Amino acid sequence: MIPARGRSGAAAETGDVSFAVIGLGYWGPNLVRVLHELAGAEVTAVFDVRQDSCSDIVNRYPSVRAARSYAELLEDDAIDAVAIATPVSTHYKLAAAALRAGKHVFVEKPLAGSTEQAVGLIELARTADRTLMPGHTFLYSPPVNLSRDLIRDGELGEIFFISTSRVNLGLHQSDVSVVWDLGPHDFSILRYWLGEMPTRVSAWSRGCIVDSVPDVAFVNLEFPSGTIAHVELSWLAPSKLRRTAIVGSRKMVVYDDTSVEPIRIFDSGADVPDPETFGEFRMTYRAGDIISPRVDVTEPLQLELADFCRAIAHDVQPKSSAELGLDVIRIAEGVDASLACGGAPVVLTPDSSPAVA
Amino acid sequence: MIPARGRSGAAAETGDVSFAVIGLGYWGPNLVRVLHELAGAEVTAVFDVRQDSCSDIVNRYPSVRAARSYAELLEDDAIDAVAIATPVSTHYKLAAAALRAGKHVFVEKPLAGSTEQAVGLIELARTADRTLMPGHTFLYSPPVNLSRDLIRDGELGEIFFISTSRVNLGLHQSDVSVVWDLGPHDFSILRYWLGEMPTRVSAWSRGCIVDSVPDVAFVNLEFPSGTIAHVELSWLAPSKLRRTAIVGSRKMVVYDDTSVEPIRIFDSGADVPDPETFGEFRMTYRAGDIISPRVDVTEPLQLELADFCRAIAHDVQPKSSAELGLDVIRIAEGVDASLACGGAPVVLTPDSSPAVA
Amino acid sequence: MIPARGRSGAAAETGDVSFAVIGLGYWGPNLVRVLHELAGAEVTAVFDVRQDSCSDIVNRYPSVRAARSYAELLEDDAIDAVAIATPVSTHYKLAAAALRAGKHVFVEKPLAGSTEQAVGLIELARTADRTLMPGHTFLYSPPVNLSRDLIRDGELGEIFFISTSRVNLGLHQSDVSVVWDLGPHDFSILRYWLGEMPTRVSAWSRGCIVDSVPDVAFVNLEFPSGTIAHVELSWLAPSKLRRTAIVGSRKMVVYDDTSVEPIRIFDSGADVPDPETFGEFRMTYRAGDIISPRVDVTEPLQLELADFCRAIAHDVQPKSSAELGLDVIRIAEGVDASLACGGAPVVLTPDSSPAVA
Amino acid sequence: MIPARGRSGAAAETGDVSFAVIGLGYWGPNLVRVLHELAGAEVTAVFDVRQDSCSDIVNRYPSVRAARSYAELLEDDAIDAVAIATPVSTHYKLAAAALRAGKHVFVEKPLAGSTEQAVGLIELARTADRTLMPGHTFLYSPPVNLSRDLIRDGELGEIFFISTSRVNLGLHQSDVSVVWDLGPHDFSILRYWLGEMPTRVSAWSRGCIVDSVPDVAFVNLEFPSGTIAHVELSWLAPSKLRRTAIVGSRKMVVYDDTSVEPIRIFDSGADVPDPETFGEFRMTYRAGDIISPRVDVTEPLQLELADFCRAIAHDVQPKSSAELGLDVIRIAEGVDASLACGGAPVVLTPDSSPAVA
């Protein structure tokens, strides 16, 4: 049973959260499908400027209504929450309007197009006492969480570095660069795994197809703990890669989202020589067993939307919090700042814009 | 039949180049093995400060003599050429002495420890009219040459970018960083493939085991033609990777030195939209056939040493020329300069030291 | 527009084939999903003895009605065709009743539990002038059809042999052995590719979990053309394999249904020695390029059900014909006959039961 | 120090076993190389009917003498043992002569061309009190031995079945079929792992290139314990496979000799239902962690020849005993007997020829 939080929608009776889904392009229909089947949620209405996208959904889910305008949805008291899957440039305007109308808001990543917008949305959500959540789906991925546990429990030792490739052939969004399209996945995962924000960022990129839009980027990050990370992002690649190597002082992990064995733990490393005999040292390398643990196969999107409903019901922070979403944007802005000055490293400070070092 | 070039060694009679191999650590015994079996070459003597390394070789090849000192070898008129496989810090001194003694010199990569030293050796070789060649073995690798042909013949179109990973668990040399140990392989390949020197370089690294010695590095390069390249280097990695993706405007190639199919050609790419309708464009991506051409399996080291003998005999430049070796060192120094200033991009100018941009 | 063929269902007006889907276990819901989205078809009703399976479907597809009995469905003139996805032991009874009621019948593979039953169904369909089609989905798989083209067009030369493994961990059906569960996939593919029936069959198997139910089997087939085939089937396997090697005199193909490159063509083979010099011969082997052609990714089930609708509309044989379905059963019975006599080869004659050789 | 056993050769003094290697085709030079470097062994002489094969060896190993005839070697008292790597058809004659001349004998697999010949050689060795050993190298392979330990220690539970593929493009020996060329590897491994002889054998094959010489064969074996095994052998295959799946009631193993992870242990299986509720049962399948244990990389041939020297010195049975070699031949003869009668199963009885069941 969902506590009140001043709810007026249909969910007030059934206990279900009543959703409107906005944006029915590539990702929106997945939101509809998962919400439709999720206990505790129901899809009441959809809206997209392209009317035939709406018709497709209504044909498949006759209980869902196609709204004529976004405003109409926001005025509908039977709707508790909106799930926004539109181009990034519209996130702020749509989310702000929904929060002002008293709706809970789920926005596809990235939360907004700038730090300023994200801070504005967080402020609005606080004022309205509504839940605001960006869709960083990977935080709900079982292999990502298994890796997080290994890192947090010290199983891997000190995290020396993390190197990740997220490349394939094909553009998902047309209004942003590869840094804002694919980057948020890795930035959110790194932020989640390490529990800290990078303090320095640099990047190298090229707009191969359209000069002004980077479609390949190599991003470097440095964290306060000493960990460094490297993120390769590309829309132009011979084959799909989703490979992350986590190199720790005790063990190493390869996380590959395309594999039937998404996590492999390598009991390998360098045995550090005794500092006393440092001058004479000769490293020894150890290569041991490799373990592919059984990983649960639940769909992350389902866990994510369930977390959103739980956050609404119990007035708690979801794992993919708006604050984490803000941090992701700050990293992406750091990358852009570095690119703007030819790849120079940029310092990220907690409360201001990125500054060239 | 080898022309004279003032030769006084045994080869003067048999036509074979008589070699002394210096340094019998990890790589030197391979030089001995290949030279021993190479038509046109013979191994006359070996030298290493560790006497048991010499004994091992002499036991296996009774026709080879163990010298008591390097000086003794240089005084021996029966020796035409020295092949040096010692730590990098000794390359200059050993190679310079050999050139001054009138020997042809083959030095394992990198040619020397600095631009200054490399320029010095090139000068000495010119004065002494002797062949000086660094051992950039990959220039003789059949898949590297097949890739070069595809690039040069325009088969791949414009080269947008090249991304390469060369990582595994284990240190090969103890007196240099991973940038100078593994980097020269990729720097020489890129220089060879693209036929141009990078004009800007940046890098990010960490000394995970020993603070002052980078054992992981992420290197970015920008070339005059617009091509960018990324090189990941590490002695700490869960598994061996030798993977290079070449992304061109027409086709893409994956070169993987650990695979039984070392070259795979992807007939894939993005179809560039008409600039007229630019505002409206929607990229189309094309994924076509993939071809793994049959690749010759000759050992590169054998082709390399044969090229050295040919260069001596005919007084011509080997493919792995000293000038290319100098370029490789200039890139490595650019990387070090970037690392020294925290990852800032560095401009490489043809005739001077790297400068922070 | 669908020609009449004495149709009385809803489709008579809309031109769509109106379906009832029977059996909503593992596979049935896929039939509902695909038929629901297929132009030219509509799902009118479903039936399963487990009432909650029906409810699940009706909740998801509110336009679909749950019938109270199979008999009720058969009496409903608005239904043109039934699609049967029940256990094999029920196929005959359900299909026969539907044909007698004037419905077109699609039955999941195998068509029936015995040659006798399959012949009976074919006879009934002929009498009733209705379309009867077994669901040999792989005949609609793009890589299977690409392989068929390569074989038929002589690209591979003479087909020496075909070796296939279809193994994984897990039981799909509880009333039959692995031979009748997984075997029909391969038997139908081989029958389709080679265009001929095997004349001899032998098999080796074990019931590892339940003595009387083979869960692993090794099947050998010999065809009139000289081609031999081997089929490995298992419900107990460390990892999923779906690998078929087709070895021809000119080229070879590997078809792997689990790979992103499902078809790989190897320009490899043995060069046959001149018969004149036969006594002295020394074979030469040729290993050439490997090509992974781009393969269409259409869902086979969709193509299959569209073919069924087309067969109904135009009164033609579908690719997966009842006759081919009968041949598959004859092979499976041959395998059982061989197993029953300890693995002895069994001769398959066109018009009679398998006989021990 | 090697005990006497009536030794008269050079080894009497140095304690080393003095070898003559006979047959310098594909494999013989490997025997020379390994024996040359093996402590406790030395290569004194070589012989091959092709004189240039001898010259090649002598050039590489100047301490080795090329004999003019086999007889000359047998008369040489300085030679303790002969290692025979000639075509199978010559094994018996060469080995018998050597045993009669008082030499210890190492013969490449298979030990001889027939059961009768193998029994004859064993008899001769017993009479002469000399060590006779067939070269079943895989019994010394670290991953094979790790698998053996897992089987023997009950880690895998009851061994349900073993399925193995040993295929590639290319013929190694010209005087035998693929059954006698590749088969002995698998037959020896199965005999070693299971510690029992199969009691029934059947096979299916084709001579694709030369009618009378099977170049592809599918072999089935049944063991007294209930384990069944399947062996796929081929000289015609699109790519090299060396894959063995061992399916036990508790765990499963994949042994792949071409992989950097040659052994993978799968904690997977079927949970057997309670016999009480048998009629109602529904199997549950369990897929758990996968472990790739670190496997030693010592060259098996080195361990094998060291075992031969140890067997000579201490007058003990080597792991690859002549009796095991005889069993391997009995299996191969069983396969031939099955092939001769069209694939009918054949019963192997301990002391007689194979009989059609």
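Going in written order, the chains are labelled A, B, C and D, and every chain counts its residues from 1.
Simple rule for what comes next: a contact is a pair of C-beta atoms (placed from the backbone, for glycine too) under 8 Å apart; a residue touches a chain by one contact, two chains touch by 3 or more.
Everything quoted here is computed from the prediction, not taken from an experiment.
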* Structure fact -> For the C-alpha superposition of subunit B onto subunit C, the rotation angle in degrees, rounded to the nearest 5, equals 180
* Asked: Going by the average position of its CA atoms, which chain sits the greatest distance from subunit D?
  -> A
* **Distance from subunit C to subunit B - Cα centre to Cα centre, in angstrom** => 55
* **Separation of mean Cα positions, subunit D and subunit B [Å, integer]** => 43
* Asked: So, what's the distance in Å between the C-alpha centres of subunit D and subunit C?
  -> 41
* Of all the residues in subunit C, which ones touch at least 2 other chains? -> 239, 287
* Asked: Residues of subunit A touching subunit B in their complex?
  -> 160-161, 163, 169-171, 174, 200, 202, 204-206, 208-209, 215-216, 218, 220, 222, 226, 228, 230, 232, 234-239, 245, 247, 249, 252-254, 264, 266, 268-270, 272, 282-283, 285, 287, 342-345, 357
* **subunit A contact footprint on subunit C (complex, rising order)** => 62-63, 239-240, 260
* Please give the residue numbers of subunit B that touch subunit C in the complex, ascending. => 261, 267, 287-294
